Amino acid sequence: MDLNFIEKYAPMYVEATGLTLRLGFIGIGFSLVIGLICSFLLYYKTPVLQKIAACYIELSRNTPLLVQLFFLYFGLPKLGIMISSEGCAIIGLSFLGGSYMAEAFRSGLEAIEKSQVEAGLSVGLNHGQVMRYVVLPQALSISVPALCANVIFLIKETSVFSAVALADLMFVAKDLIGLYYKTDEALFMLVVAYMIILLPISIMAAVLEWRLRYAGFGN
Amino acid sequence: MQGLGINVLFMGNNLPRLLEGLLITMKISLLAVALSIVLGTLLGMVMTLRNPVTRCLTKVYFEFNRIMPQLVMLFLVYFGLTKLFGINLSGQVSAVVVFTLWGTAEMGDLVRGALISIPKHQYESGAAIGMTKLQNYRYVIIPQTLRRLIPLAINLTTRMIKTTALIVLIGVVEVLKTGQQIIEANRYTVPTAALWIYGTIFFLYFFTCWPISILAGRLERKWQN
Amino acid sequence: MLKRNEPLLEIRHLRKNYDANDVLNDISLDICKGEVVVVVGPSGCGKSTLLRCINGLEPIQSGEILLDGLPITDGKKKWSEIRQKIGMVFQSYDLFPHMTVLDNIILGPTKVQGRKREAAAKSAEKLLERIGLLDKKDAYPRQLSGGQKQRVAIVRALVMEPAIMLFDEVTAALDPEMVREVLDVMLELARSGSTMLIVTHEMQFAKAVANRVIFMDGGEIVESSSPEEFFLQPKTDRARRFLNIFNFEK
């Protein structure tokens, strides 16, 4: 293994890692917001919007991110809508992630018994307050395992960003292999990079789950 | 003035070519799923053994597959193995290898989970009415395990079909690549082809995966006793 | 200002059905301030539903309910305001598991009534002391026994200073040893002049606490009398048959 090569090109990997993490976390952020909104629509069974949310979830869960990105990046410009590479990446990831987060939130909300809602209402809380102080705190702690799994899933999905001309980790690796034939080194750094990104997140998720399982809440 | 770009679908044999590309995707994923089910079941049974060495090895295998993006695995096999062993695997074969490795890990975990979720006394109840251990497995344990597994396995199938889209990035000619070819060929005749082609591919995937996931949902509800 | 004999809660010709079934059929009932009314009857006779209708947890098809002389079922007032005047304790206590006992109790006063946290905590602690659970104020519900949880649930309703308290079979889910501690709290409340509407199976308790006993069957009020009259000399056959369930011949 050519250590000089590794030393020389490691900065490229670092930069690509930064890009991946940045876009990944923005996408995850939007996914959480979209997911929370959709879960409320499904939980409260809001007339028209509920159906729209349900359709969105089905569409987004049954199509690959790569296809969504191709459509956004190559297809939409034909309608005159030009979105940058980064924009496409974020939109695509959020579109995909939103439905996964929605499912996670929804199952948390539905796990809370109706009697908890009634107890809250009986003390004079309105529906918004019941959601905010009674249901949501409990629902969130139930959703955490699924939410964490989704975060890991979405970070893995960022590996397709090179398809929309972003200099992400896969792009760097492929480039180096093509230019210098240093396949072993390039792939080694690739694996290390993803390990560095995902192992800590994976461990943090496990710790978070463990702590929430044994702690109560205090407001 | 050209008609709507959607015409590109009906020109020549574009649509059949797209469908052929989808067929390649399906073949690869279904083959990988089939292999994963067989190997995964074996792995799952191995994972329930109390041997610390097997526990450690299987855990590492599982976690590696869980953490590494499948695209990275594809690169490792397609580019890496070629260099390492001098063998030249085609994109398609690499894909089958990678997805089988991934699918086996997931199935193994599912099988392990299903096996330990069966209440202990089910293992004993068969013996109580005189069945041999093998018969107990066949008539009591395995049907219950299957009921828990099949919806989850079908769910894995849809995920695998979607992930197979990645193989376009290692040069395999499947539906996305075919789409690109069509768009290139019609660059001047149908400039808006990209919109329609990729839109169509989007819905091709949707109408392939959606019925399968509905089936999984129905089975899960039906067997939730 | 209500005079002693003016009804605090008036229920007039209440009707409720689920699909085609009549759950409550022309119920009319008045409760005066300071009165303790106990409702008894076989399962499914509608007694829980009656309480839930009063508190707006179930919609009604016809009839009206007035609290303090003002209608509450005409849809003009917000239930979140009305429910501040009606305290309800459920069979399954339903304390909020993610909050301490104290937080459970002061959630209402602080978020709904806008009272300051320190003041609300003081009221809460006074009430907790009254029922003997002040030392548990920082505990979580999962650390309490069923009887303790139910007593906290009563305090959670009381701290809102409601005009009337509704109790829906609050001891039915408790182990026998813990029933007594809850009933004692309710007795003490009754003696201190609270207006209470209690649904219960505990006949001895009903005899001791009630000013009036209502017997319901099949969604109707069949009898309404003083506890002495009801338990010793029930007027109707159905009441007699119901009471016999509780008598065992040796």
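Which chain is which? They are A, B and C, in the order written, and residues in each are numbered from 1.
Note that in this section a contact is a pair of C-beta atoms (placed from the backbone, for glycine too) under 8 Å apart; a residue touches a chain by one contact, two chains touch by 3 or more.
Quantities reported herein were computed from a predicted structural model and do not represent experimental measurements.
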> Which word fits the touch map of the chains here: line, ring, star, complete or other?
Replying inline: line
> When you take the mean of every protein CA atom shown, which chain's own CA mean is nearest to it?
Replying inline: A
>> Distance between chain A and chain C based on Cα centroids, please, to the nearest Å.
In response: 47
> So how far apart, in whole Å, are chain A and chain B when each is placed at the average of its C-alpha atoms?
Replying inline: 21
> In whole angstrom, how far does the Cα centroid of chain B sit from the Cα centroid of chain C?
Replying inline: 57
>> Could you pull out the residues of chain A that touch at least 2 other chains?
In response: none
> Which positions of chain A touch chain C when the two form their complex?
Replying inline: 113, 115-116, 118-126, 129, 133-134, 137-138, 141, 216-219
> Contact residues on chain C for chain A in the complex?
Replying inline: 55-57, 78-81, 83-84, 86-88, 90, 92, 94-100, 103, 107-108, 111-113, 140, 142, 153, 156-157, 160
> Given the complex with chain A, which residues does chain B contribute to the contact?
Replying inline: 5, 63, 66-72, 75-76, 79-80, 82-84, 158, 162-163, 165-166, 168-169, 176, 179, 183, 191-199, 201-202, 205-206, 209-210, 213
> In the complex formed with chain B, which residues of chain A make contact?
Replying inline: 58-59, 61-64, 66-68, 70-71, 74-79, 152, 156-160, 162-163, 170, 173-174, 177, 183-184, 187, 190-191, 194-195, 198-199, 202
